[in-house]
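Per-chain numbering from 1; labels A, B and C assigned in written order.
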Amino acid sequence: MLIRTLAAFLLCSASAHAQTEIQWWHSMGGALGERVNELAGKFNAGQKDYKLVPVYKGQYPESMTAAIAAFRAGNAPHILQVFEVGTATMMAAKGAIVPVAKVMADAKEPFDPKAYLPTVAGYYTDLKGNMLSFPFNSSSALFYTNDDVLKKAGIAAPKTWKELVAAGEKLKASGQQCVYTTAWPSWVHIENFSAWHNVPIGTKQNGMGGFDTQFTINSPLHVRHVAMLGDMAKKGLFTYAGRTNQGDAKFTSGECPFFTGSASAQAAIKKSAKFQWTAHFLPYHDDVKGAPQNSIIGGASLWVMGGKKPVDYKGVAKFFAFLSQPEVQMDFHTSTGYVPITLAAYEMTRKSGFYEKNPGAEITIRELTNKTPTANSKGLRFGNFVQGREVIEEEMEAVFAGRKEAKAALDDAVKRGNEILRKFEATARN
Amino acid sequence: MVENRPGLTALAHAVLIAGVLLVAFPIYVTFVASTLTLEEIMSVPMPLLPGDQLVVNYSQVLKAGTTGGSQASVALMLFNSTVMALGIAFGKIAISIIASFAIVYFRFPLRNFFFWMIFVTLMLPVEVRIIPTFKVVSDLGILNSYVGLTLPLIASATATFLFRQFFLTVPEELAEAARIDGAGPMRFFLDVLLPLSKTSIAALFVIQFIYGWNQYLWPLLVTGDESMYTVVIGIKRMITGGDAANEWHLVMATAMLALLPPALVVILMQKWFVKGLVETEK
Amino acid sequence: MEKRVVFRSAWLPYALLAPQIAVTIVFFFLPATQAAWYSFQLQDAFGLSTQFVGLQNFEALFASPQYLQSFRTTAIFSILVAGCGIAISLLLATMADRVLRGALAYKTLLIWPYAVAPAVAGVLWAFMFAPSIGIVTYFLRRFGVDWNWIIHGDQAMLLIVVASVWKQISYNFLFFLAGLQSIPRSLIEAAAIDGAGPARRFWTIVFPLLSPTTFFLLVVNIVYAFFDTFGVIDATTQGGPATDTQILVYKVYYDGVKAADLGGSSAQSVILMFIVIVLTALQFRFVEKKVQY
């Protein structure tokens, strides 16, 4: 046993580097993982000083845990892909991370924050305008309709929630089992919902202005919306599918004709759906002033971990500069369904006529840039929001199952969510 | 059986057959699902007779996992599981048998203390110390390695106790004869004790192999790289989202591959298995 | 019990014990003390800022309705798993003890689920009970049952209980069979001569004589439900819906790994340790007689 251990140690430490290796931990599996490998391959082929090594580390929570553990043990990767809900946690980890603005400045790589799409970059920028992490794969929430089913029933695609409920009742009466389902319930029905209707999710500009933020998701509008969903569930108009993207499959298989989910679901829908479908803006309540405002992003960004050598950071900066090139952006955007992060890339894609051939590809960007973002719709930044989101979803599930009233559930969500925020505040202030 | 009651005997057979069917039904469904195409499974209800995709599905997962989610090759996962199970089984037996030998056949200061130290570990299943154990493993730099997978799991009180029980039943005369012959303790251990312990070792091997193969929480924490997945957690990682998007035919094929080796061990080594179970608890 | 003939050596026993003790200290005691240490701290995910907060984590736990609910969930889950597991296995073992022909075949066919990992068992049953495509779901729908365990907590609980019990049947069955076969035939025959029927014989003689085995299996099954079923839950419900299947050990994992709340998770670990100690002490005090020192 002892000899085996020794041997393992010796073998592990015997490795030689010719180039500077940059470790990139990501959570893009399957086809998306292939895109990542292509990007790395292109970058590596274009220069000789650095070798970018992407490693798939499992889904976002797992790779974040692994990176935290690695950091504590002193061997974190250079670049870590962290989902948007982990932003506050990463931001507060001064010393564990290096802001992107600093990395680019130190390496003297040209970097203009204004070149990036405001809704996308704003999520990952601090109040002083410094970009903290590099936006990589950003999507937003869309509303998908199964047009074959709608045509057969003679219904037009609904634009408001009122219309959706009415259309749903008609479909249900004609024998449709499942009418509407959703993925990412909190992201769609609380976070994006709030931005889309220009109401706050939390105080202090949804947390961007300070750690002492509090949740405000138990406002009358939120309660009314969640109560509506609970009512729909009771009537069989809303079939709950789970907390992540389990709803995607219910739409793609044709089971549910109405679906709200991530823009990144389009890739799978395009591949497997055997019916005509369209992606639309999210439905809204037309009696709310200012709605629809704009949606907020989901997805992930790339964080640079601390404790590395300056030569490593030069390589990271070079990679980010490479990623910002319009051609690279356009390629990634058109092949994955994620939004392009620079205005130049957006322009280039538009000029190439891609959007005429694929109208669904542009709708995400148009939804994100529907109106100039307000303090309520720039994004959000809550500490330990992984836990926070789960709490919100637990309470929502209780409403969908008919076990709790919407007001009580959202009040509890605010109470429990605030406890988590206060705990984070206590650790962040140190 | 005391009196002849054919009615009752028939009832007994009926109950037992029902039990066997209940126990076997999930496995049958799994096997059938692993021989169908995804479309056949998605068409509710799924057919209950095996299909024709056996070779296709199994070769797909063995080579490259699923096509949409995790693409780690199940063949590699099976290899990792085997290394882990064998490592744990052999490791546990090796260090427990010598520790037990020391406790039983020697007198030395701190003997009681060490015995209790081992005993206390019974009260610390890995689930109550996962985060700190993970940190220790991470600090030692053995995450994502065979060492990290097996080493933390090889200290066990049950194995030590099993051997202790057994050693206590070995006749004193044998040790006495060895002493008279001038043989040292290690000679006694290797020439006398070890051969006598063969049945206990076999029994323990079966139980520990299954225990090691079926580990879930520990490999889940310790492996992040796809190349280190064991087959039991590989299945979990294939289930990416929603019961309609999973490639169930491939997941089920992997499940069959995951349960076949330990099931074979149980059935083929049934005698040792039963002995091992009963001995380690009583 | 002690050996009369022993060896003496100044260094050999220590050398023989060394590997086991080393692994025990590094991977058991060190982490356990660290868990206790963390439970008194409040730290951020990266460990960059830690502050000593005394019993605050414990207070927060016991003030949290979710944690107390977790106790309740674990209790219900263990009682169901232990109860159903023991009842079904006892029935099967009694029947197997009864038949002469095919006993070995039945035994072989009933014991192999022990080889199935809990997580795999979970996946199999989740597949059969899948809301959209499960074969059992299909039949349930035919009988008018609205089966969707993603939203109905009691259905989710049923799913994990079924998967967990299914796996344990073989283990319980073996012990009951061994216990039944160790009951002296003379006792049964005497009662039969006195005119007692099979049912009466079972309840007045067999069942009481089986009570040590039953009690032993009760403790083992409860410990199994507390800890080994982690795989079942992680592979199926992941503690949901809401927190309806979040047993104590799952919450420790979730809070520590997914939510990076190390203080809270460690505090829960400490509490779980106490529970295990009590359960193990019970097991040894009343059932085992091998700790003689």
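The working rule: a contact is a pair of C-beta atoms (placed from the backbone, for glycine too) under 8 Å apart; a residue touches a chain by one contact, two chains touch by 3 or more.
Since the structure is predicted, the reported quantities are computational estimates derived from the model, not experimental observations.
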*Which chain's mean C-alpha position is the greatest distance from subunit B's?*
A
*Counting contact pairs per chain pair, which pair wins?*
B-C
*Counting in whole Å, what is the centre-to-centre distance of subunit A and subunit B, each centre being its mean C-alpha position?*
39
*asked:* So the centre of each chain is just the mean of its C-alpha atoms; given that, what is the distance between subunit B and subunit C in Å?
replied: 16
*Give me the residues of subunit B that touch two or more other chains.*
42, 94-95, 135, 151, 154, 243-244
_Where subunit C touches two or more other chains at once, by residue number_ = 19, 132, 257
*Among the residues of subunit A, which ones contact at least 2 other chains?*
1, 72, 241-242, 246, 249-250, 253, 255
*Would you tell me which residues of subunit B are touching subunit C in their complex?*
1-3, 5, 8-9, 11-13, 15-16, 19-20, 22-24, 26-27, 29-30, 33, 41-42, 44-46, 48, 94-96, 98-99, 101-108, 111-112, 114-119, 121-125, 127-133, 135-137, 151-152, 154-155, 160-161, 164-165, 167-168, 172, 175-176, 179, 184-186, 188, 210, 213-217, 220-221, 232-233, 235-236, 239, 243-244, 248, 251-252, 255, 258-259, 262-263, 265-267, 270, 273-274, 277-278, 281-282
*Flag every residue of subunit B that touches subunit A in the complex, lowest number first.*
42, 67-71, 91, 94-95, 134-135, 138-139, 141-143, 145-147, 151, 154, 224-226, 237, 240-246
*asked:* Per the contact definition, I'd like the list of subunit C residues that touch subunit B in the complex.
replied: 1, 3-9, 12-14, 16-17, 19-21, 23-24, 26-32, 34-35, 38, 88, 91-92, 95-96, 98-100, 102, 106, 108-121, 123-128, 130-135, 138-139, 166, 169-171, 174-175, 178, 185, 188-189, 192, 198, 201, 216, 220, 227, 230-231, 234-235, 249, 252-253, 256-257, 262, 265-266, 269, 272-273, 276-277, 280, 288, 290-291, 293
*Within the complex, which stretch of subunit A touches subunit B?*
1, 4-5, 8-9, 12, 29-31, 33, 55-58, 62-63, 66, 69-70, 72-73, 75, 241-242, 244-250, 252-253, 255, 268
_Using the touch definition from the top, list the residues of subunit C that touch subunit A in their complex._
19, 42-49, 51, 60, 66, 132, 148, 150-153, 240-243, 255, 257-261
